[in-house]
């Protein structure tokens, strides 16, 4: 398939929608980004790479980091992880804390903020320097040792993260957070503030498109079964309250972030990352959604 | 792949779990079924068929009927359907009426009882004899004109369906039910009470495994795009509050019913139906879940 | 105290607010009432009576009937009533069915629609002709044998009562309704559709201002203790989601109805009924609330 | 009325229930209290005083402090207070944070923890040394300059107060907390940790039984209207999810705390405080509830 021609075509078509959407504003630092940035990078299982636009510029990956956090935590805890976090969609626009209170402090899935906070708590319990350990893991997945935390974004999020503080204290009251809440929050804000490019993300997510094997390395770090579970979770829970919509329009497992990035994988096929900062009302990148919809339509690569 | 050998093997392995689970009791008539019944039927895109156990005995398909209802309604209304019913998972053990009230009478998805009642209402508005029209549609999908409603089951469900009556009246108060509630309920109870065998269901669901083409017929009645949407909905919403678990363990779009049936499809691969009446606590067949998990593990056919 | 002078004064002052509020429209028949009607009737424990305006014109008492229903049911069942209905405020703008589902079909208090439906169910179980028995009870409390059901209002409410049908079916599914739902609904709609004047209501509620003794009769039909419980319930639950506001502004136990009536009692002091059909957003009569606020301010008769 | 004889009689009768209930354990320091302590103090509007048992021993007043906080805040802000906190019962066993999220960070009433945190925030905004200012106010109401904070209890509560931290961060995210959350929490924990005796509390609450006049002083610090509002709030919201039950059994405005204290007032009659540490399942003192029920039954002083 001529992926380069298809990406070029999509890039032009998607730009027609560039007037739509709004920058995320609840993290002040994110509101400074150029709203017209737009890049795509696709890596195939065969090792070919295709890109267009601002695909090498780094941005704040935000919630996309939760998938990599899960990929690091799951082999450590195994199925014991599922005693502290569920695997079902939250399906609740009022979600967050309401369900947490009804369900005794167990988050519905690892891609909710509450679920990601539990995973951050696990990494803190396990490692002396979790921030370095997580960064090393991300660098290894992406095959790029120059990836860094954006400390301004982390500080900006920390200064306004009252909802996250509310969530983690509620879980702490139920005993589902072991470490001090401030320590967990600080690590979590750093994790979300990693800066990566579409190219980096496309490489990093090859692990989910390639049965657990790290991109361009001779190493498997996730079993096929764990990859299957993580892909299934991305499919059902990867897009906040728009997972059903994404499943229909795109039909691939994926994960979005409020920085405007989306990554999706076609198992045994490819890993694709797209970035455009303006978000729809559900918090997902407008051009990102459009790009991936066009991609699976033009290539017929939906898993459904 | 030697599907027959695999089905035989699975049949033996799954039987080890036959002590687990309970019959559905809230519909009195369903409690009369022999709890040890167990059958499987698999049809491939190439037209080959494989079966084992009680695969030709008919049982009450219950919620599995909702997928066929959607397949009939969606081409009639097109995207206008999504103004009356959503496409997102409900993710709520207390789901049903709580979300209905918060979300102004719009059910979260077509596979909730509330969503299926809306589709029933649509068919009643459209056809003079919706009961016959729906039965004809199911017979056509399955290629079997002898399929019938089980009137005892329909009557049994009607006599105890207070939760459904509560749901439909709530939707009626928001204007999302056009016809008289008793008329809609009566049609809905018949729809759920269709009796089909694993063989019938496997044939009928080939439409979702074969890009909209009816089994053994030279007719396409759903566009590829509509099939993709329905499969995506089965993946995210097909198993009550266990959709995430099913996505992980099985990794195929599917739909279960409290009669103990489950159907799953591998797009462009196969359609498989399994029946065993004893249910787990989430309302899904114990042996059915086990069978499909073994099937995708042994054949490597998970879509993830 | 010169109650007549005070009522005359209040009548003039309150009329300044007659432009505010809206007629109830969800029961079509109620929307036909002259919105400018306004009457007050006050009866003292000493037997004196005072009135002003349209105090002898009958209107639909609606939810005010729930207090008389409770006065009839409580001596029959005694404390066993509280196993089927609670005594706490619902405090929930989303109240109704959400709490019913979380609390297993037990309504929070007898003045919610759900609670009144349970009481209606009890009267149906107890009496062969509950409609006549209840009407006789109301006539006796008011000392007026000419009181009747308004059959047009009852029919109008029955034709649009989908929320009530939703509530009662939910309770039925939990086993908290014994009789057929249609039978209970029909009785309930008649109960709400009783037509009474301010004079009638003021007389009838003397039972709560006079330790259980029927107005102008030598008969006690409620113990002091039961009167205390009913008054406490009116104080905490008598005004939908505005009970706290009413307690503050008026400071008397009372009950409102969407027909625009409000009755309040000063234990051992007086019983006062006011009627003006235009309602505020919480469903309580605008002039009614104003009248009672002025009354307790001018007379210093708040119980607080 | 011979209050002393009545108190002596009640003291003996209530002791029969001393085996019931449990100490509050969620604040570790409170679990150290002698569970058999039991005292009562009653002050009449005429200035007479009656007591029995451990009525001069100090205990942790906890939520009773919220009424005094309201008495201090209300004259400062006037009705502007009601823009930041409601006046309606919460009526929700799952109350706290669920309603906060649905209602945009505005607590239902000032006697919920969330409501008291808003009042604490107001005092911090107003005064340089709110802790001293509040203590001075309490001392003045009680006419006792020796009242102090129990710093061990304040520290104990601060170390385990994750639910309060969750609540206040949620309100902060909605902009309904102005100051730093840690600062507000610290002041709040001190406020709750004031140690007072039944005698102190009975004196302090005379302000609500005596139209706003401070006990034994020639000073009115609340208008009649404000006293009426606060008494109405105690009536409808003073006993967590047992306000309706208390209204029925006791029939007086009152407020309880998890330290085992309850204070109730009979407007223009008396103020009575009772203390016994063992709590029922709703968090109210078992002997305290029994004592007040016997008191209003024997004296006929229910306001209903």
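Each chain carries a letter (A, B, C and D) given by its place in the written order, and its residues are counted from 1.
To be clear about the criterion, contacts are C-beta pairs under 8 Å (C-beta built on N, C-alpha and C of every residue); 3 or more make two chains touch, one makes a residue touch a chain.
Note that the structure is predicted; figures quoted are calculated from it, not measured.
**Q** If you take the mean of the Cα atoms for each chain, which one ends up farthest from chain C?
**A** That would be chain A.
**Q** Take the average of all CA coordinates in chain A, do the same for chain D, and state the distance between these two points in whole angstrom.
**A** The answer is 48 Å.
**Q** Could you please state the distance in Å, as a whole number, between where the Cα atoms of chain A are centred and where those of chain C are centred?
**A** Here the centre of chain C sits 56 Å away from the centre of chain A.
**Q** Please report how many Å separate the Cα centroid of chain C from that of chain D, as a whole number.
**A** About 32 Å, centre to centre.
**Q** Using the touch rule from the top of the page, what residues of chain D touch 2 or more other chains?
**A** 94, 102
**Q** Is the way these chains touch best called a line, a ring, a star, complete, or other?
**A** If you draw each chain as a dot and join those that touch, you get a single closed ring.
**Q** Could you please specify the touching residues of chain C with respect to chain D in the complex?
**A** Chain C residues touching chain D: 86-92, 94-95, 99, 102, 108-109, 227-229, 231-233, 235-237, 241-245, 247-248, 251, 253, 267, 302-304.
**Q** Could you please specify the touching residues of chain B with respect to chain C in the complex?
**A** 94, 96-98, 101-102, 162-163, 165-167, 169-170, 172-173, 181
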